[in-house]
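Naming follows writing order (A, B and C), and every chain is counted from residue 1.
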Amino acid sequence: MSLLELAGVTAGYGAFTALWDVALRVERGEAVAVVGPNGAGKTTLLRVISGVLPMRTGTLTFDGAALAGHPAHDIVAHGIAHVPEGRRLFPMLSVADNLKMGAYLPTARARYRESLERVYALFPVLAERPAQRAGSLSGGEQQMLAIGRALMSRPRLILLDEPSMGLAPVMVLRLFDLIRRIRAEGYTILVVEQNVRQVLKLVDRAYLLEVGRIKMEGRAAELAEQDFVRKAYVGL
Amino acid sequence: MRAPRPLGVILVIVLALVPALPMAGMKQYVLHVMIQILIWAFIGGAWSLMGRFGLVSLGHGAFLGLGAYTAVLLWNFFGINPWLAGGVAMILTALLAAVVAYPCSRFQVVGHYFGLVTLAVGEVIRLLIVAERDWTGGSLGVSIKPVGGDSLLAMQFADKRVFYYAALVLWLAGLWVWARVDRSMARSAMEAIGEDETAAASVGIHVTRFKIGITVLSAVLTAIGGVAYAQYISYVNPDTLSGIGVSLRIVFAVVLGGMYSLLGPTVGTALTIALSEYLRIAFGLRLIGMAETIYGLLLVIFIIFLPSGIYGSLAALVRRQRRAPAAAAVAG
Amino acid sequence: MIDPIFLVEAALNGILLGGILALLALGLNLIFGVIDIVWIAYVDLVMLCMYLVYYLVQVYGWPVGLGALASIALGALLGIGVHLTIITPILGSAPINQLLATGGLLFFLQSFATFLWTTDHKSVRLSLPSFEIAGIFVPFTRLIPFAISIVAVVGLYLFLTRTFVGTAIRAVSQDREAMALMGANPQRIYIVTSAVGGLMAGLAGALLIFQYSVHPFFGGQFGPLTFMICVLGGLGNMVGAFVASFIMSEIISLAGVIWSTEMGYVIAFVVFIVMIFARPGGILARRG
């Protein structure tokens, strides 16, 4: 049984439909990417999974539990952590407070110290300045804090929404290395990215989402050979 | 939902004939209530010019009070007739409206924040009126100096019917203004502003100018309503014509009736005044405060359960009825 | 010319009053910052708590401290009650409906109070001494409430910055959706916020009844003032509200002694309007 399974998912905003009949799965321990052009619906997909946006039709199964229609805080409690597009840190709270909020769940709060040490070990730059206002961190540091915050909830599945957005190329490479490390620690990852080349080097499998539909699916190595990837690298 | 033309004409004719109908000695009272409904509906319509575009003012009592007191005091102390004094009132109110609207528009003060700012302005006026009691009579209010007999110049008449027809004309004039604004470029501009201010500004819509313009128009009309009401009642009082109480009542009436339709404010005003009169009579002098309590309770319940007002809810119901047979036709 | 001694005394009284106004402004701001709704009827809740203290202490002879505790408890309960019955159904509604809902509550509370207790002014008589510094009389009836209100403000600050729930409340006010992604049920946080806001109203009521008399339209006296302070400080801005409370109370106090009490209020409000014109976001607003 897959860890995460979506079937027949349709969702949108008001009269506009952003996702049509989307199906995907993520196995335990896997790293899966969803790639596609701007406006394809990638962010919408993650928001549907984490419960922020309700789906109109479809099913969502996480570790056997049917979670369609559940509110966001309930889905988090089941073990899905969402690092949103644009990070969505609490700008006026300190680094330490942001991480503290990540451990809001009772289960997470009980192991707060342990989680905090792990996060500081993964991201030493955060350990250096726990009292700094999150809004004043650099882009790369903010991304690390956002991921660290998600880790504090001790999730089983981490959703990453465009982690490389707004980061300098050097930072992007470092970031993906960090994601590799997290993956190595046993977390299952679903990442949505526009930076196709980099993300395909990171994941096992990938889906191509275009205009709200899954157009292609396969192992990362296979997709990397495809035309659209070459086009993306040259043409973008 | 706009009342179709012939129906509108019939309505006006019926209203014009009211004073001629036999009413078993109740006529004075009925006329009294109808005059109030017409004037307050006019004021409500003025408020809705702002309200329908998202500028929720909770301080229209400021314009009412400023307008009414200016006219009354200029008459009582300087003998300036209400027509002229009304003109002065309009200018003063326009200035106040511009002073409030300018910073709010430029800095995008909207929603709850705008409501609070206007609430504050309303209270300033009320407190000014109470503080200057040597001039204004403070919380006891002041009566209009009678000219003794009927006078068009002084806007004083013994016969209620004159006031009734004047109020009717005023009300119709208000509807006309509303309809004009509705059909004008200003309406499209304001709606664009309501949807997305930045986008509207980027296509050249003078956001600030429109907002100030509509606020000034709304304020000036409200002031006229205040002058009219004061002349009819022959008495002004800071609690009936300024402050949170009257401001909230105006807003309630319009929202309950329907903010986006021509007759919404009228319907809402008629219902709230009728309700309030009914409760007042039903309770009489027993259980002081109970009538108001029930009024307040009903208002809260209405707002929670009928958020789009009566017009809005009826319109939604009609839409659903129209869709149902169509859907059945498709399925069958 | 006015004897400078009176000015100094007025300035001092201004500070003492400012402390309690700060409680009101902070409570209202807290709720707005988190839930995004202005409780127009906030000070009317204070009025109810004042009546409670009046009846418990003046009529039934309860000790003052116990009466104050009861007031705080009632305040918290009222806060939760209002949130559950009135706010929750309108959370997604248009701002105008939200304003009218709490506005309607104001009507309801004021008339219900009239019905229950008539329009008579009621006050609690406490005979406490005043002490004298350099010719200025400082009554304990003003000094003690001020001290308590400052303690309360500090307590609120510590709650918001040092406790988990307090930090969560601040987080929600900065990004509601992100907090839901942390596993926080927004409704629970709203309830805690409303309870804290109500608690502050209850405390303010207990502190006010010993200086001012209560009547059904008390909200008309302090309500608009509270709103003004919140707007002046920047709606949702806690530090701004704190500072603005003292600015307003000083203006009222000083102008009240130079001209009259009402003119004091008028001048404070006019200053407010001018400030709005100059700095609509509030005096401590960050530009951009």
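Everything below uses one rule, namely that a contact is a pair of C-beta atoms (placed from the backbone, for glycine too) under 8 Å apart; a residue touches a chain by one contact, two chains touch by 3 or more.
For clarity, every value in this text was computed on a predicted model and none was experimentally measured.
Chain pair with the highest count of contacting C-beta pairs: B-C. Nearest to the overall CA centre, using the mean of each chain's CA atoms, is chain C.
A straight line joining the Cα centres of subunit A and subunit B is 52 Å long. The distance from the centre of subunit B to the centre of subunit C, each centre being the mean of the chain's C-alpha atoms, comes to 31 Å.
Remark: subunit A and subunit C have CA centroids separated by 43 Å (rounded to whole angstrom). By the touch criterion given at the top, residues 51, 56, 58, 99-100, 102-104, 106-107, 109, 111-113, 115-117, 119-121, 123-124, 127-128, 130-131, 243-245, 248, 251-252, 255, 259, 287-293, 295-297, 299-300, 303-304, 307 of subunit B touch subunit C in their complex. Every residue of subunit C that touches subunit A in the complex is listed here, in rising order: 164, 167-168, 170-171, 174-175, 177-186. Touching subunit B in their complex are the following residues of subunit C: 32, 36-38, 40, 86, 89-90, 93-101, 103-116, 118, 216, 220, 223-224, 227-228, 230-231, 235, 260, 262-263, 265-266, 269-270, 272-273, 276-278, 280-281.
Put simply, subunit A touches subunit C in their complex at residues 50, 52, 71-73, 76-77, 81-82, 84, 88-93, 97, 100-102, 104-105, 108-109, 149, 153.
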